[in-house]
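The following pair of complexes shares a single chain, subunit A, combined with subunit B in the former and subunit C in the latter.
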Partner chain A sequence: MTITPSIKREYLSKLASQGKRADNRKFGDYRPIKIEIGYIPKAEGSARVKIGNTQVVAGVKMDLGDPYPDTPDSGVMTTAAEMIPMASPDFESGPPREDAIELARVVDRGIRESEIIEVEKLCIVPGEKIWMIFIDIHIIDYDGNLFDAASLASLAALMTANVPIQRIKPMLEKLQERYPEIGNYLKEHPDNYTLPLREPPISCTSAKFGNVIVMDPSLDEEEIAEARLTVATDEKGDIRAMQKGLNGSFTVDEIKKVIKASIDNGKKIREELYKIVGK
Partner chain B sequence: MTQEKREIVIPSQFLGDTQQSKAGRGTFVEQGKIYSEILGILNKKSDFINVVPIKGRYDPIEGDFVIGVVEEAMASSWLVDINAPYPALLHVSEVPWDVEFGETDRYLNHGDSVMAKVATVDIERKVNITLKDRNLYKINGGLIITVEPSKVPRIIGKKGSMITLLKKYTRCRIFVGQNGRIWIDGDDDNVAKVLHTIKKIESESLSFGLTNRIENLLKNETQDVQ
Partner chain C sequence: MKNDNIKLFRDGKRVDGRATDDLRPIKIEAGVLHRADGSCYLEWGGNKIMVAVYGPREAIPRHTQNHLRAIVNARYNMAAFSVEDRKRPGPDRRSREISKVISEALEKILLLEKFPRASIDVNIEVLNAEAGTRCAGLTAAGVALADAGIPMKDIPVACAAGKIEGQLVLDLGKEEDNYGDADLPVAISPRTGEILLLQMDGHLTFDEFEKALDMAIKGCNKVSELQKAAIIQKYKVELEVE
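Now for the complex of A and B:
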């Protein structure tokens, strides 16, 4: 664990009290965002996202699977995050720790609760065979605000994903003997097709330290933050998911402010995302 | 600079014979031949062949001035992070204060920063640091940034030329620790200027004539302000 020198805290708080940030951003501003799609050719969909120096790669993989008994006719999505030691001296190899699990869950919740994936269209044989979507997130470089980078990368990967009919066809044809419904499915979808999606939610993270709230906290700001709030909003400005982290607290007014700022920034990021994925 | 250009060597690259030259830092000897141990820049000084690492942690050497952050206050000593592979020990007998047993945390506590000197490095690389030298104290105020330890000589410059420049044009108080930590104190605009100049020095550390270019840059900026 690297320790934060207390004078760093004093310095950032002093700047904040004058309305400044260490990298000359305004409190509500994001660092430059860069999205690259199709980063991993072998994945069904993939993207690399950079927010400032933070760098995240996400990949989407699809496979046939069995549905859960309570949702026999919908597809399944799982999210996993990997924090490799290369990204930061604080990350260690081994099984995922609390922070990696939280990251995966926050990204998962944003995507799941916004119902961006049309799970009911991912059913092949009700109760028997469905599509499973795996979203894998790899942190390449950590400079604060992993939540937004990871969820943006996952979204971009999902939006560029193709359902791999060609690859899985031999398996489906074999299964067709047991489940004749597959014949209809193959007739409907003879070739790879884009993953059916609804409009994406955009996650925006704010951190609070001293008496100020900053959007898109950098590593230094994250280290001294008392509280953190991630808000995922959709196109209509509805809140789709929220996650509060760390020990500090927000007042009701502060939360309202954060939500408004998240909607505003979400709009800008969404435009950027649409432009890159070509929608 | 007498050397034409700076040569980058890779681990296990052949550098010379032990009969003609001596193996210095960052090298190893096998069957009378000197090889590079790390990815770095070749540096031949008198008889010695050294390799200066491009990146890496700080390797403590006795007598270095460093900036440390206190990790833990123990009964009669402190553990101080000096950006080296292992924390350094600061014993109560090595500080200028009269510390009672068990009251170490009243003087230095977790998160406090100190300017210190590396007192001893033993064969197991256990490091002891001391505050008993001139100009060593607990840091209050200002800002600490971290750069690559191998870039520190470039930030200080030849006989301190670069650091004198920085101090002259920005009127900041600057202390450069050999471990890659730099303490800066001054008014905010000037601190920002120092930060961005140091970033420039770091990114262009391999080029020649850097000091002159940085001087021009600082000169122009000061004119802009006026």
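Now for the complex of A and C:
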């Protein structure tokens, strides 16, 4: 460990023992969240999300593709995250490092396992042609808690996405000679339409250092954190995805407490999200 | 790419209603990122560009260090969602080339000998692309370098001129870039008029080139004023005089 984190640890732990955090938040509080939609005109759906100083842009692109053999009638979704050197002096260019891959996979899981995307409605020709959805996450400014910022930006991008019939039409019409079923699809969907979605799950991340657990860790708190837990919960308060990170541990009671807090915060964030994207 | 079905002029106006020597709308904001040493957000027509500058800091890996001066690492990158058909993330041949010519343009203007063994990293992210991203990127990089307080002789600025349907125009838009006859991106040091970057594709006569270059330089000078205004906006201090 370098010298700086050990100084930070001492300082933040001392504050924590007095029930305080460096930016005057309560342990269970989030930093201000700002969601901006339609940020990228070239994308089918997009959003810029700020949690405090952390800033993330997510874009959804859609394209025609071939289905996987085991799900011939379903669309396909892929999530990728880039920790570009812009976001932090410590990020380097090159192929995604393990943190970027973990980030993309945790966001992916939150979206996939909650079945927010109605993939069965994204089939054009069963067994032959389906929609592929790409969620790309660009980290612009890194000041802690990328998990929540990235998943919230992805959700807002998905919830504002339109299936690009207009753009793909020439290609579909060409394919129609081989697959006459496309005619029906085009009749049903003559123009761009809203991406079919179910309720969104909201991810909440907590970090543990010393004997305290804080929600929405800032960068300093993340740097000294021993353990991290991300919990995605749905509208009913059910758990839809989890990820524990770092080499520290939680007790069972702590885990339960974190889940409860994640459900409460998830509710508030979901309301914010609905306010911006509409329900 | 020529296409006779597409008309790039209507009643003497360009497809987006501009006159031949009009720029697209430009918005520049300095110092928008928290972590970066200097940053700039720029909108130029439909382009949305974010630039972060880090440095001068120790150049790594070490073998890239120059013991007499700093090195400049400009990295031009397009977001996967920035274009019509999704782009695969990561550098490709086009972005590497653009990164190289931008790095070289910036090297000329920065006082690199003040920082031996250091690197100055300029990250240019294209979030939404619509013709002229390299000029927009370099222009934003100029502002971000100034915001980072890195000593330089001038704030570099870029702008393109081109030819569509036989007429010379400033700052090509999307259709003009796709179906026009020539594109001439230029970066200059506005104080001295020195040319820092010059590329061309298409077809121009020598006379046309002279006029197009003149047009591009005039465009650069207009954009330069916007750069300075953005930096003043960020750093002006209002004094209360009693």
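Convention: the second predicted complex is superposed on the first by the 274 of 279 C-alpha atoms of A that agree within 3 Å, B and C clash if a C-alpha of one lies under 4 Å from a C-alpha of the other, contacts with A are read in each partner's own complex, and residues count from 1 in each chain.
Here is the rule we go by: contacts are C-beta pairs under 8 Å (C-beta built on N, C-alpha and C of every residue); 3 or more make two chains touch, one makes a residue touch a chain.
Just so it is clear, the model here is predicted, and its values are computed rather than measured.
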Which of subunit B and subunit C A:G19 touches, first, second, both or neither: neither
First (subunit B), second (subunit C), both or neither touched by A:P32: neither
Subunit C versus subunit B, contacts on subunit A by residue: C
Partner chain in contact with A:R167 - subunit B first, subunit C second, else both or neither: second
Contacts of A:P69 with subunit B and subunit C, given as first, second, both or neither: neither
Contacts of A:G278 with subunit B and subunit C, given as first, second, both or neither: neither
Contacts of A:S93 with subunit B and subunit C, given as first, second, both or neither: second
Subunit A positions touched by subunit B in one structure and by subunit C in the second: none
Residues of subunit A touching subunit B in the complex: 2-11, 15, 18, 20, 24
Subunit C partner contacts - residues on subunit A that touch it in the complex: 39-43, 46, 53, 55, 57, 59-61, 63, 80, 82, 84-89, 93, 95, 134, 136, 138, 140-143, 167
Residues on subunit C engaged by subunit A in the complex (per definition of touch): 33-36, 46, 48, 50-52, 54, 57, 75, 77, 79-86, 89-91, 121, 123, 125, 127-130
Contacting residues of subunit B [partner subunit A, same complex]: 69-71, 81, 110-113, 139-144, 188, 192
